[in-house]
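Structure below; questions to follow.
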């Protein structure tokens, strides 16, 4: 069960309205790697957690914090939209096309649909959807998903930091960037703990290795012309799981035969073979 | 530019048709973490690569291999659908509801839409879409996305391995599981190289640390009742980036004020405040 | 069965082309609460209607009118796009960035995809989809959906009215706003009739009340800090269904236990509990 | 900012696993009118609220409760999936097709993707998306959306109640049905308060009535053959807003002319008129 | 403007309920090539038509007929769902898993969401969306889209014909199959007329041929190993547009150089090249 | 299996960066009829091909070429984004709103999400999805889909050609336009061969004609007021399949009765008929 306090986790007050920037900022609220994504991802990983209580608690701790990040960003966006399209500017439309241009950069749904409120959408107006998230039941896999989400997320917020010079907005973003710093470190720490406990780094660690086609499990196939990729640690030396050495295959060839599909039953009306054309 | 040979990278021949299993197998062809996802993700990371040639080559090497995985799985699914719904079985419908039940487990689009061919959809028939992928231009972030994709992908294929006992299908899956083993190791190796080269592990490493709110960058907030999470390496000790120690905050409080939003302009018809209700 | 006459239900002729406004106007054609939504929602409620003939007729009367609204808006949008991107303006691109800016405010698909025709999309280009609609078989529920759709719809058209001063466009919108006035009143009248006939206002009225957990059916839970909400008619006094008084619960507590999920079977490779970490 | 306690708002414990029912139950978790929808809708209405504090508080009170409903349903679904596909049943596959049939009724993603956890999807596996929600800034419109959501939601939960006889599941659902009873009443109470305060029932009440085409604002158009609909309160008598009488138009005719669209500029390659065919 | 008569264009009455078949039949109502698609595609092509009146009329004639096809299929589906899940069958659930299996083959939304009504979705429950349609303004392109839609549509209905032996359903489908026969012929006739009038068959016929890279405009590139494709009329002989002969290129080579992308600006935090790794 | 060479099939080098045009160009990369669509469509038709080897080879030849087109367009877009939003321009933001306007015309995801790389999205940022494609198993139907895709595709590229005057971009587009010329001719040639071989032009040609309602299979129904459409070859004369003459039905009437749906079972809570209202 959840409880809400009305104070924000941190400041969310721009110095000035900026509806064009509000549109861009939607990316880290309702985009693929926005705050709604991490909120939902961590909460569902928590709801579904069948592992130790400390992992369940970890997921709810960070997941619940992310609801507060959604709240902060929504508040920030609503304020960036204050008074837009502002009446004075509206009067200028016919005389100054540059102003209209700025207005043209708004997400029109901020005016027409949400009445100057934040939208659960990204910077091109595409609505958030749940396929942005994963809760697989395998925590090592999921913590890697979480680390990825925090990495892409911090990258996007950092880019947005450079796309404004509003000190209020930058203040909020500097908080979110710092929290993503914390969360990247925390998921890395959790990943290391699981890798050590499971004694392997290849997910799922409990799939019997003798059931995989071990002879191709450390090959690197050079399917793209040029050998630049042979000079990396992914193509030579001991693999990170310390089980085998990588093998660089310069001229990879097919191991399987050319497939031949049998005709479909007549009652499905596929084109039959051996048509006398 | 690309070239195709008709031989498959590996065998893709089930011992018996099994249209219900064909439906399930669609997950790792056209699902969130299926082969289309990694194919498109690596190719777009390659197309967009502005970094060293060896990374570009690495991306095209693995990306091009993934097109072959799409081909193998599509072939396997088409063969699992051979003769379905078979005429003999169809005649049994009225007399044996159990047969109809098995037929009922098919994806109906395998008959109606694709005429016994593979679909670019997942195991519930949801079509693949490009928001499953990321190519951010930041390779450390993207290689983490790739590691996540290979981890979730191998997990799903391993689960599917246990949901069949067809030796032909298991043969194909044992190959894919092994290749995902290779790719997990390879992305980990590439990640380690980038982390070493960039001298940091927090993406993006080049965002100036003094611009983030450093005082909260190593905090762990206990927002979910209970202290189980305090016993993990994410809540205490030196953070993985070796810059600070984690701080466990047992009773996190808001740092920001309660927000108050100003009224919207009248011409948007939002509900105004101070309504005499 | 349906018949078409080529005359429009009402005028749809702007005084001037305005491709940027055409983009905005798409919201009420192909958006969440646009005319396609109400057209499809009412028609499907009509197709599926298992209740009295007068409701079926009501649904087809209004649903068929809505097809004409789709037609009017599509016509209006096509005309707002006349000659865009106009050749003279195109020649100005390099010399006058403000003109380009206005062109930049167009939906590019209006030029590239539809060749200056209306799109079945909203104001950010997101395509209409059928999950915007509901036809549940329960008319009281559905008429509330219809009232909601007409309320959001009229709100959006009214906002769009204020975003233009083209007299032709305003003429068309004044018609649609009036029809939404009619339809709001009509759905309210139909709702009242059903509520009276069913003898209750809580949908579905025929679910046996003794099967619901009656002791919490009139509680208001104060889960968000602060008591401002205690001062409303939703938190005190006789409930609108006249069955009980609301109860304001200032400190709501959980009624259920802390959940514990059992481990998943090993063959699914979830992270097991009691991992020695 | 938000806080979490691990206890559930109410019991969520089925008497027996039932993976086929788990699939169905997903509808009210991640479907169009599921708990994720109301959670996100009320929270965004709260984040964006520019009206009186008591409405803001109301939205956060109910919105925060809905997060707990998401938690309960996710927990219930995870438990309905316990041990599925159970190993013993799996061994029966070849000998007893009826068991396989039951397994075939599962959502395959419950095994392959979530490892026996709840999904943020509906009963056909379609992922939740944010276009299910609305936060328009106009509270009268939005409270009607909320009333609709609670009406459709309670209807769906009531139907699901009848599709199981598991006493544990029915216990949970009886709680949710009761809370939807409360919320329907509460939104109705709030709607009445706003209608009284605004002095009108037609949203938006502040759009100047003289700007709408008043002469058609109370018409009922009989566009579908047959006069059954003339016998309802939507076609005759005083309209619910008490401003005019409805007018039943038996033979509605177009008020607008037949549209003629001018040709597109040649550089867009539309088919030109006056083609000599 | 549109008018409705309540009689159906043709019979839509199954001999028996069959909820599993109802699920399958949804494909040709709300799927990619279902009746909603052609209805919306032809109507939007009509709304947007800037060409001769006879084409506009043609589009409205067939488009309006398609609304009636939507109506027939929705009616047919509702009747196939009559009484499902029937109470008697429900009582058998625990004693006869085969019956439950049949029920398991239903689309659960037919019970939970629509209350035994048709859904605007396809056979896997995916909602119809407007990107299934095209109205480009170029009628030759669009009539080819229409011919494709009628071809895929008739194929799907024919497959569905073979998946049932209900004489009532087959009666309805035999009508739809015949109408698709008519429409395929009609679009072909219209295509031929346009090709003759425009004097070319390559869309858009008015793009100046000297602006295309004419030297590759009739090449066939053998990018897939094997020469089977050289034996078709697409690889040799005069091209259908009668302008040039096809040229079969056995060993196609790149005409362009290896691309090199310059680094991104530092403020976007892409991985820079020349990283000392 | 596939192989990659790093050289491009043709030049993809703009003379100047143009981020606004990059946004538009996304349409033919990741839109409904973009290069990803044809790539995926032809490859899946190839994977699933159960007909003659020459068709399978044809599909892989053109499908593999299309991967190279995806590569060229992605490269072109990345280069159009070089240095955007350029730092010097950024400094002008406050002093010159016109520059900001141009920047405002960018797809913000090109900066925030992809770091100046191409996106697998269209010109309004909507992600590519697999329902843009079809592989039905019936090659005559599918080749019509392919002809349609190449027609819409060439039309869109031709429009984009006219929306730029960058000689480098035009050079690339002139190549793509020529290849679409080739592919249109090639699919037409293949269609003609299949039509001749199958001895009919109505898909599927193998559905027994006596099972369709032959008496309506050549009717043209005048459901839209006005007789302009009677003057086309679709309404009179011998049908293109040479089997019957078209029949123009000036006043089409329903052949079916008015439908009446029986009530739903009480346990689904639909509104029952005969409600005493």
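A, B, C, D, E and F are the chain letters, set down in written order, and residue numbers restart from 1 in every chain.
Everything below uses one rule, namely that a contact is a pair of C-beta atoms (placed from the backbone, for glycine too) under 8 Å apart; a residue touches a chain by one contact, two chains touch by 3 or more.
On a predicted model such as this, the values are computed, not experimentally measured, just so you know.
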Chains touching both chain A and chain E, listed by label: B, C, D, F
Separation of chain E from chain B in steps, with touching chains one step apart: 1
Recurring contact interface, reference B-F, options B-E, A-E or A-D [over half identical by residue number]: A-D
Maximum centroid distance from chain A, chain identifier (CA atoms): E
Chain whose Cα centroid lies at the greatest distance from that of chain D: F
Between A-C and B-C, the pair joined by more C-beta contacts: A-C
Distance between chain centroids, defined by C-alpha means - chain C, chain D (Å): 10
Centre-of-Cα separation between chain F and chain D, whole angstrom: 32
Distance between the centres, which are taken as Cα means, of chain D and chain B, whole angstrom: 29
Multi-partner residues of chain A (at least 2 other chains): 1-9, 32, 48, 50, 52, 55, 57, 60, 63-64, 68, 75, 78, 98, 101, 104-105, 111, 113, 115-116, 121, 124-127, 129, 131, 134, 136-138, 140, 155, 158-159, 193, 204, 207, 223-224, 226, 254, 261-262, 264, 267-270
Pairwise touch network: line, ring, star, complete, or other: complete
Of all residues in chain A, those that touch chain C in their complex: 1-6, 48-52, 55, 85, 97-98, 100-101, 104-105, 107-109, 111-113, 115, 121, 124-127, 136-140, 193-194, 196-198, 204, 206-207
Sites on chain D touched by chain A in the complex: 1-9, 30, 36, 40, 43-44, 47-48, 50, 57, 60, 63-64, 67-68, 70-71, 74-75, 78, 113-121, 127-131, 133-138
Contact set on chain A toward chain B in their complex: 5-13, 32-33, 46, 52-58, 60-65, 68, 72, 75, 78-79, 82-83, 86-87, 111, 115-116, 126, 129, 131-132, 134, 136, 138, 140-141, 144-145, 147-148, 150-152, 154-155, 158, 161, 170, 174-175, 177-179, 181-182, 184-190, 192-193, 201-204, 207, 211-224, 226-229, 231-235, 239-241, 246, 252, 254-259, 261-262, 264-265, 267-270
Touching residues (chain side chain E, partner chain A) in the complex: 155, 158-159, 162, 267-269
Residues of chain B defined as touching chain D within the complex: 20, 23-24, 27-28, 31-32, 98-99, 101-102, 104-105, 122-126, 156, 159-160, 163, 223-226, 254, 261-264, 266, 268-277
